[in-house]
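Each chain carries a letter (A, B, C and D) given by its place in the written order, and its residues are counted from 1.
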């Protein structure tokens, strides 16, 4: 019998339906979230959402406790819906990241052969990544956009989605798992034009849950320039360079205000509690119209770049102590 | 009677079907291309294409003489398909640009009322721009992706496209012209969340047709960094700053090689024949692994930023003459 | 009757003998040092010293309480003896500055006329500043170096210095006061080639006496580069630029280690207790092999440059508060 | 028999009298000037001058054909008289440089012992470099300034200079050669506080004689800023950094116009005919109020710094060719 006062399981949204790469990211996250496991917290319940915007809205409204969303693809670039939804509205913070290799299969109902395929359904981003294969192997096939890769597979499946006969395509491009789940046969494997493609997903939460520094962390921000003066971006980047902070991603995004008005979403190495990150953030805050901090979180991959001479944590501490000594003489 | 040996009309591709914003851009371009008109060249024939990638492939193959494609939207940002297709493959150059205000209408077959609408068809980019209006006025409506906004309208029309009954939606979001063309009734006008949204289209050609400088020009390039060293972007931007050249757009795009490997597509003021642009291009060429020049062309809008002291054309000429005099003494 | 335990008057050294521009600087300082006057401190006793190096050595040894020394001349540049003596050895700090207009007179014993003058005695720095006048009016006169301008005048005087007959020159170049003091007649007035020449003197003290900020302050430092890499100076200057701190003087000085090994003495606007100065100093400390702080003190002239947008004191405080809030969420 | 119309020997000035370090520099130059030797030019006649200003004036007036003058000392720094004389007036150019180790001896008339010495004569720059030795070995000795180190030795010698009895000092500090030449005994050898001190001399000529590039060259300039804006020096230095040009010396010098108004004399690697030097000079010319080119000449020491990636001569040539190709398409 379950205890009356047991905390309800937290709800973690993802870009559904079941079988998406985003669900794979969440599954991977939950399997390796040792911190939560040790704390004895209840296992989160995955909740499929129909769109990034919808998932983040539900998170802001308190209907979700976290949301796993794609932020960047090694082939397609930044996921604009995610970048934009994080840049405006109530503040949300990134608390973790997961890298998922993106491997596509062409699948169809059992009995369908490659020669039978005249129309292919998939998400527009996936379509962009298999164009080369399609031109080579199915040059005459029509493209039919769907809401997700998993939805394309579901559309051909039996029990779920619209009736199979209604689907205006006879093959889907999706992750292998989605094809299996819906009882489809794989016609071709690993059809992405860019082997080694990876999508980066981030787990987003409401503010107040910043993970502790691990020594290999990332911080994300959105920077809005004070005005559109030439050299403005240069001035922003110098704030990083002066403190020896390495950027790992830079995207310009229109603010929507006017053609030519941009903000910049930037990921960089380090944690908000690091000295050099703190000073960089303060510098950005001073020269930008607005700085939106999107969180500090453990990096999914690799070792951080060794700091340049003079920018290690100890260098900052030594400089701070030295200044304090100078100032103490000034205020005696 | 037409002369037997008359040159055939040039073929200009655009992102179809008829009724897209892209067709509007091409129509506007043809109406104002005084240079062509004066030269007595034959009027180009508009040719609808099913995708940006397809249009540019046809251009490279010689099946088209030019192609009008979207490159940037003031709300959604860079059009990745266009940016990527220009960055690789045989070289193409931009020879002109057109700005088109983006205004959406919600339309349906005559007799349909707003209360009847349960599913809405449109292109995913358009859907992103009307989400706010939809949440407020049609919160329960399902989204159905289509290949273009014009295709969404066509899907509901009578004579063209799939049979009306087959369209899995009962209203479309498109330009007003597309709704009219397909005999639809407008249920709501100007429903974009961001009034003043503009899309920038560029006319692309095979190399060899660079327009003459007008005094108000733009140049576009794609820059591939030599290696991913911290401060690398800073070094690129200093090449512009040192010569007083103003950037009007900067987009980072993954090269696809690996997560974290980017190239940069940059637009800036000035023409390749301008002194300060020439020196900037040479500087970029030296510090980049590769520089892909995407053309110099008349700016669609506005006056160029006045050059900073010491970076006007005359300053470059004076400096060149002075250096020549110094050197003549050195080689006597 | 004087109290037994009265503090002895402090001893302030200057570059003597009496009648030098340096004595004028000290006199002016003592007349306007309101802070000391209000505190009821005893009036300092001026103590002539034979050289800058000797004065600063006596200060370090505790034989003096302060020393007024020249640091910069608007015509001749930095005073290397002072710059070097401050850069090595026990630390000393600048606690104030005085600007003294430098006006020279040609003087001789009464009865001597301009036509009689065949040799002129003065300090080599003064000689450099009257060369033009000498070439025009006394082209045949020989130059005889002396230890100071005042010593040149004293050499011609009666009661002091070497016997008049022994002086190997018959006219001196000095301040008007020194000529008068030694009973000389002025043959020509204001003979400096550069009207408006000014020498900047600084009052130096042992550490522990930093004046409070006034809102119009200067700070002086000596920077030793970590290694001689190209662009090293650029990196130092960016530490100032990033925080919007204005330099008012920059001198390179050889470290003596080898040809091409330099340190930099830099004056800049602001007080060590100012936020932007503190962050700049910490940044310099990190990228330099050594930073020697030479003090913060009220500027003798003028209004400080208005801070650039984002670099005012309030901007730094706001950024610090913002960072603290971000971090508090990270350590909850 | 010598031909009647033989060209007269050229006259090369130096800072005299005989026995100075400057004469040593000229002697060394003449011994190694292979270019002149091969051309069969007549051997220059050394001409002692009483001052740097005088030597350069004679050169400008055509009374000399070249002048060897000190420009920098590894201990004392820049020689202001030389820097200033080159910065204004008719243009002169540096055509070569010589490095001379500076080793001082204390010398006196035979029979004098160290214990007898009560006053020491030398040039003020030399005095500054032996202060430490003097404080340790002759703490009570008085300093007597002289016009040069050689003049100090001459003052004690028999046949030359003023009568020995008249010299107001009993020992001199000079080069060993000057002591020997005047029949003095060396009381102490190598007494400089900084072993390894070196003075850099430059051979100056009227314009029109720039030496050909050797692959290891230097170029010298004087830069006058357009106005005193904060960050102005940073902007100048970026002109070098952008082209990968290494500075080897930077001196700020007051322009004399007002306190705080500086020009910069800068030496850097490379020859005016080098691509990267040419572009740097043009860049400086554009952002400065005035650029004074002081010549390109073979470096006396060492190998040039290897160019950074992208700044080698071949990189500049490749970039220039690439730009030409782009432009040819633009003007077809």
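As a working rule, contacts are C-beta pairs under 8 Å (C-beta built on N, C-alpha and C of every residue); 3 or more make two chains touch, one makes a residue touch a chain.
A quick map from chain label to UniProt name: A, B, C, D = Prephenate dehydratase.
Worth saying up front: this structure is predicted, and the values here are computed from it rather than measured.
S.K.: Chains touching subunit A (Prephenate dehydratase) and subunit C (Prephenate dehydratase) alike, please list them.
M.R.: Both subunit A (Prephenate dehydratase) and subunit C (Prephenate dehydratase) are touched by no common chain, going by the contact rule given at the top.
S.K.: Using the contact definition stated above, find the chains touching both subunit C (Prephenate dehydratase) and subunit D (Prephenate dehydratase).
M.R.: none
S.K.: Return the distance between the CA-based centres of subunit B (Prephenate dehydratase) and subunit D (Prephenate dehydratase), expressed in whole Å.
M.R.: Those two chain centres are 59 Å apart.
S.K.: Between subunit A (Prephenate dehydratase) and subunit B (Prephenate dehydratase), what's the gap in Å when you average each chain's C-alpha atoms?
M.R.: Chain centroid spacing, subunit A (Prephenate dehydratase) to subunit B (Prephenate dehydratase), equals 27 Å.
S.K.: Two or more other chains in contact with one residue: find those residues in subunit B (Prephenate dehydratase).
M.R.: 238, 241
S.K.: For each chain, which other chains does it touch, given as pairs?
M.R.: A-B, A-C, B-D, C-D
S.K.: What residues of subunit C (Prephenate dehydratase) sit close enough to touch subunit A (Prephenate dehydratase) in their complex?
M.R.: It is residues 207-210, 212, 226, 238-239, 241-243, 271-273, 278-279, 281-283, 285-288, 293, 296, 309-311, 315-316, 318-320, 322-323, 326-327, 329-332 of subunit C (Prephenate dehydratase) that touch subunit A (Prephenate dehydratase).
S.K.: Okay, in this complex, where on subunit D (Prephenate dehydratase) does subunit C (Prephenate dehydratase) touch?
M.R.: 53, 72-77, 80-81, 99, 124, 128, 131, 143, 145-147, 166, 168, 194, 196-198, 200, 230-231, 233-234, 237-238, 241, 244, 246-254, 256, 258-262, 301, 305, 308
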